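Each chain carries a letter (A, B, C and D) given by its place in the written order, and its residues are counted from 1.
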Amino acid sequence: MNMLGNILSYQHFPIYAIMALFLGSFLIAAFGEKRSVRNILALLSVTAALGFILALMKPVVFHGEIISYWMGAREPAGGYAIGIALEVDALSFFFALLVAVAVFVSGVYSIQYMNRDDNEKEYYTLYLLLCGGVMGMVLSGDLFNMFIMVEILTFAAVALTAFRNTVRGAVEAAFKYLVVGCMGSTCILVGTAILYAQTHTLNLAQLAQLAPGDVNTATRLAFALLFVGFGTKAFIVPFHPLAADAHGAAPASVSVIISGVLTKSGIYGIIRICYFLFQSMGLGAMQFLLVFIGSLSMFVCVTMALAQHDFKRLLAFHSISQIGYVLTAVGLCTALGVSAGLYHAINHTLFKGLLFLAAGAVLHETGTTDLNKLGGLAKKMPHTTALFMVGAFSISGVPPFNGFASKWMIYQASYQKAVESGNIGFLLVTIIALITSVLTLASFVKVSHSVFFGQLPPELANVKEVSWGMRSAMGIFALLCIITGLFPNLVTAYLTEPAAAAVFNVKNYIEAMGFDGSAAVQLEAGGFQHAGVWDPVSWLLVLCIALLAITIVAVAGKYGNVSRCRAPAVENKYQLFYGGEEQEFSQLGGEDLFWGFKHNWRGYFKFMHRLHSGVVNDYALWAVVDLALVTLFSLIVL
Amino acid sequence: MDFPFMKEAISQLFSKSSCAMYPAVPSQAAPGYRGRIEYHPELCISCGMCERVCSGNAITRSVENLEDGRDKITLTFNLGSCTFCATCADFCTKHAIEFTGDYHMVATKEEDLLVSGSFIKAAPKKKAPAAAKTEGCQTPAGKESGVKPRDDGKPVNDPARCVYCTLCAKKCPAQALTVDRAAKTWTLDEDKCVSCGTCAQVCPKNCIIM
Amino acid sequence: MFKRLIAERTGKSPWLFHINAGSCNGCDIELVSVLTPRYDAERLGFKLAGSPRHADIVVVTGPVTKQSLPRVLRAISQVPEPRCIVTMGSCPQSGNVFRGSYSIAGPLSKYVPVDVDVAGCAPKPEAIIDGLTLAAKILKEKRGRMN
Amino acid sequence: MTIVIDALQYLGYVLIFPGFLFCFLAGMLLCGIDRKLVAKMQKRVGPPILQPFYDFFKLCGKETIIPAAAERNTFMLSPLVGLAALVVIQLFIPVFGFTAFSGIGDIIVILYLLLVPALAMILGGAASGSPYAGVGLSREMVTIISCELPLVLVLLAVAKTVGGAIGTGLCFSLSQIAEYQEVNGSLITKISMLPAAAAMLLLIPGETGSHPFDAAEAETEICEGLLAEYSGAPLGVFKLSHAVKMLSLTSLFVALFLGGLGTGILALDAVLLFLLCALITAASISFVHAFTARLKIEQIFKYYWTVVSLLAAVSLALAWYGL
């Protein structure tokens, strides 16, 4: 009985969550020949992972406990950590929760989404491997272990990118991802090795204790390597073209994981090294580095997205743009900023997951994601459309959806930082963030017009709504989008603020593992006060009352003597007005939208077009140049 | 940037508008405006010239044979088909057609746009049927000509039908014809005549025979 | 109350949709001159609408050529009820000088009931204002019949 | 009992002042005044001031045709949502000292809410399936992007000025901005705010889609673009939304730059607000309308991102250095 109690103690839950996914992967590889077995195993493992992570909420968030777990009970000996450790503070828990939710929903979606593909067994094996890798990375308390998990997730992601190898460009995308991803992994490995040589430990907490006290050229180099390595995983500029190619080729359910979770693990890595290992976020130059790269990603990728005409590529660029928001906000190094950034991370996982699933649904039913070939699907797929619109409104920050709440906090955080530090650069960040938001709206207007509204191309006349399983997976995301949008206070109180507090409390993190945290640099987090007010529930109430009032007036005034076509043949009266001509299929292509804007920026777009050559050598070169620049920056400025 | 009308916009804000407040303030058409047609049947001689020259086919003429042997002739001007070119009025030798300055030509029914008038005309005296029709004789059906064409190909007038509208004289390229309306005479200068046949073509009454 | 408001205001804001069915442009220019400061039909509530869906009064100019006939009919059918059709100038009423041409399908009244004819070639702006006010009156009657 | 009274009071705010009824009457009157003034400036007599009401009621009496190619629900619902969002914006904007719902939103919220009516129109147009709507949608979105940058700069300048003065560094709350002006006089009296006010005046026609920035609804070239397929009552609601948007933006101008003129008596304040709105409409919408021709869409973009943004940026820079 005691033994059972011991096994069921929440101390073990982090490793259970990781193992549930890996075990599921291996079991499917071994016994997954039958579809039903495979599905049950996959569902079981994702549900178990979600359950274990949710069960951790009470100790970690409510009680503020930091779970330290030594594998095989190999506690540190002689002041040095030898064993492999898991350490779950509120930050790790926060990311683990994101992973678990996204993995669960995407898993549910996969079951019906993948039913037309061959090799489902391999798919699930790789899928769960990828999920397990991400989960392991965010829960790990050991730098080398993080590297291992990064390798696992990278290779699983590469394999899944090439999974639909009949799709044009899939293998090429996987190859690009493999090359640049391996460069990133190598960077992490070399950085880890350098740090190990300097401090003789790999445990994160102990590194956090030792590394900042001993800053020399080697650790600076290690920092640059780690930063670029995790940057590759987050696909921040200049690694964004990989994401576009990978998402374009990978199945939608995998895109959800890559975009919603894998990029977050990169952000997680960056937070860990910047805030914990080197504790250098107090430096203005460090904040500049993060905010600069974040703003650059945010802006460059949103303009790149505007130029896309493939649904999934467009979403891919947006996901980097949103990651830019997260990185910028985290780089502000204020309690509000970190909280806002993490809030945006949740939202991004939710709405981008939803959007990718919607794109997958469209692909599943129509067989294409080319914006120029789609249109008018709202009449055929009403539920998918409604769910997509929730996601589109969320990502564009339309109140009262969740994107608005987090962006609102990011604007305030950056502007407050600008006012407090007197640095006009942060002001520019606020403006870029606001402009990026409206450009995001523009590109989702483009998607909604080119895919869901507008006219139905004749060849899509037989499209049907997707199955309930896929719809319900999207529904979960949509519901979460609305909930996190309507109750920002709950989200900040129970998820982001504990995580932000963990970020600013490195001492606790070190001491929880039994090391001496007295030397840790304590950043002044400071409380925060909102400079404005945003109360979505009341807002929604007011909107509902207004809408109700208007509707009542409209109904009382007989809102329209509505007449619509009932016969299958379309009479003249119900045809669209084409200057008098007979109605024919005519849809403004996705590329042609927003001409006035693109025309004024044609120089910029031409430059971007030349830059994104699609050649893997170029991208590898970018990675090297980026590494060189960050190294120079960290050697000279930091 | 240059805004040429900025000053005007402000100054006009405080000046009187240049509107002709039409329905409230009635307005007169400019002199010479060709509006609604007025037809004076008492002046008409039913030459048919107007009908012939009308480009819009707006003029129709109907003849009703009355019991007393006279004809009731009705001319109808369809304003809905009229181009208001006034050619009919120009050609009307009796000035029976007049273009007024009335421009209120709005109707809900097509009949409201018709201007018509009728008069009664004594029927021409019926002569004995002509002996024979020769080749090239362009007599209309039902009306026999008592005049025979000349052998030399020059025109001959049928006084029974001629209304002396002078059109043939006007149209004659060689000025070989002289028509006197008052005296009701039609004379041909045979030396000048070139036998072109224009007079026969233009004659609204088809009374010139060649 | 609402119904009465609607019924009474219908005649006060007639929006025009102008169809050129092969016109020589004479009438079209006169129609534009009605909207200029000199005549300013906007003071009576007239306004040119861009789409037939917004219009109350359809103004047709031109002799309705064979090419334009289906387009004219389609555009007219796309105007929501109550609607009023005004033929402007002599051409759509009769074909005018083009009557009998191989390419003319008119007059318009063969195909749709025409409410108001404005004669003239081209009509004087005052006559157009007359015709349009008459059409607005008819419009109000039609609206009254709809209930 | 107090709850009931509170609820009734809030319902009154939503329905009567400054909500639905006020928006309807004041917006339509503003629209009528605008049309009359433009006519006067063009030496015309112009429609009666009540003409927008006539238009609205006439449209309500018309048949509503739903094209066969349209997505019905979005097509019919989006006008209502757009109007509701505008009414809500009006509820957030303080009328001098009075705010109906101060605890809900701030200037960033207003910034985003101003997108909602345009978005509703875009979605409604897109749902109609018309290719004209496609062109209109593209232009409307570019107009929104054009206006966004200067509007952001103006709002940030105001936030910095007021925040700097009241000591919190920055202030996004509209009710605080109103309070500040009650005490310290209108913001327009500050030199640093003059360029921002000018930029805002130039922004109002762009945001409302008035001439010459109405490329999105150009009735002569793209058949009113997004509205091409709308008829009857939904079209009337869109026309009403356009009128209310004029009211919202002008009263936002009043709230940002002309606060502190209030008398403290609500009824008088409402009349004063309306008069000021009419004045701003005359200056920024009607006057520009009277002597300009419609700009091309890329000209609109260029104009807003250069001239107007520069004005707003000057203001922000002045505010930043505390002038």
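Convention: contacts are C-beta pairs under 8 Å (C-beta built on N, C-alpha and C of every residue); 3 or more make two chains touch, one makes a residue touch a chain.
The structure displayed is predicted, hence computed values, not measured ones.
**Student:** Select the chain whose centre, defined as the mean of its C-alpha atoms, is least distant from the mean of all protein C-alpha atoms.
**Tutor:** D
**Student:** Can you work out the whole-Å distance between the CA centroids of subunit A and subunit D?
**Tutor:** 35
**Student:** How many angstrom lie between the centres of subunit B and subunit C, each centre taken as the mean Cα position?
**Tutor:** Centre-to-centre distance between subunit B and subunit C: 32 Å.
**Student:** Could you put a whole-Å number on the gap between the CA centroids of subunit A and subunit C?
**Tutor:** So the centroids are 58 Å from each other.
**Student:** Mind pulling the subunit D residues that touch 2 or more other chains?
**Tutor:** Answer for subunit D, listing residues that touch two or more other chains: 39, 42-45, 60, 62-65, 132, 223, 228-229, 232.
**Student:** Which subunit A residues sit where two or more other chains touch them?
**Tutor:** 557, 561, 573, 575, 577, 579, in rising order.
**Student:** By the touch rule stated above, which residues of subunit C touch at least two different other chains?
**Tutor:** Residues 2, 6, 37, 40, 43-44, 51, 53, 78, 81, 146 of subunit C touch two or more partner chains.
**Student:** Pairwise, which chains touch?
**Tutor:** All chain pairs meeting the touch criterion are A-C, A-D, B-C, B-D, C-D.
**Student:** Note which residues of subunit A are touching subunit C in the complex, please.
**Tutor:** That would be residues 556-557, 561, 571-573, 575, 577, 579-582 of subunit A.
**Student:** Sort out for me which residues of subunit B touch subunit C in the complex.
**Tutor:** Per the touch definition, subunit B meets subunit C at residues 17-23, 27, 29, 33, 35, 55-58, 78-84, 103-108, 110, 112-113.
**Student:** In the complex, go through subunit D and note every residue touching subunit A.
**Tutor:** 10-11, 14-15, 19-20, 60, 62-69, 71-74, 76, 80-81, 83-85, 87-88, 91, 101-109, 111-113, 115-116, 119, 122-123, 126-132, 134-135, 137-139, 141-142, 144-146, 148-149, 152-153, 156, 159-160, 163-164, 168-173, 215, 223, 228-229, 232-234, 237, 296-298, 300-302, 305, 316, 320
**Student:** Contact residues on subunit D for subunit B in the complex?
**Tutor:** For this pair, the touching residues of subunit D are 37, 39-45, 287, 290-292.
**Student:** Across the complex, what residues on subunit C touch subunit A?
**Tutor:** So the residues of subunit C touching subunit A come out as 2, 6, 19, 51-53, 68, 70-75, 77-78, 81, 146.
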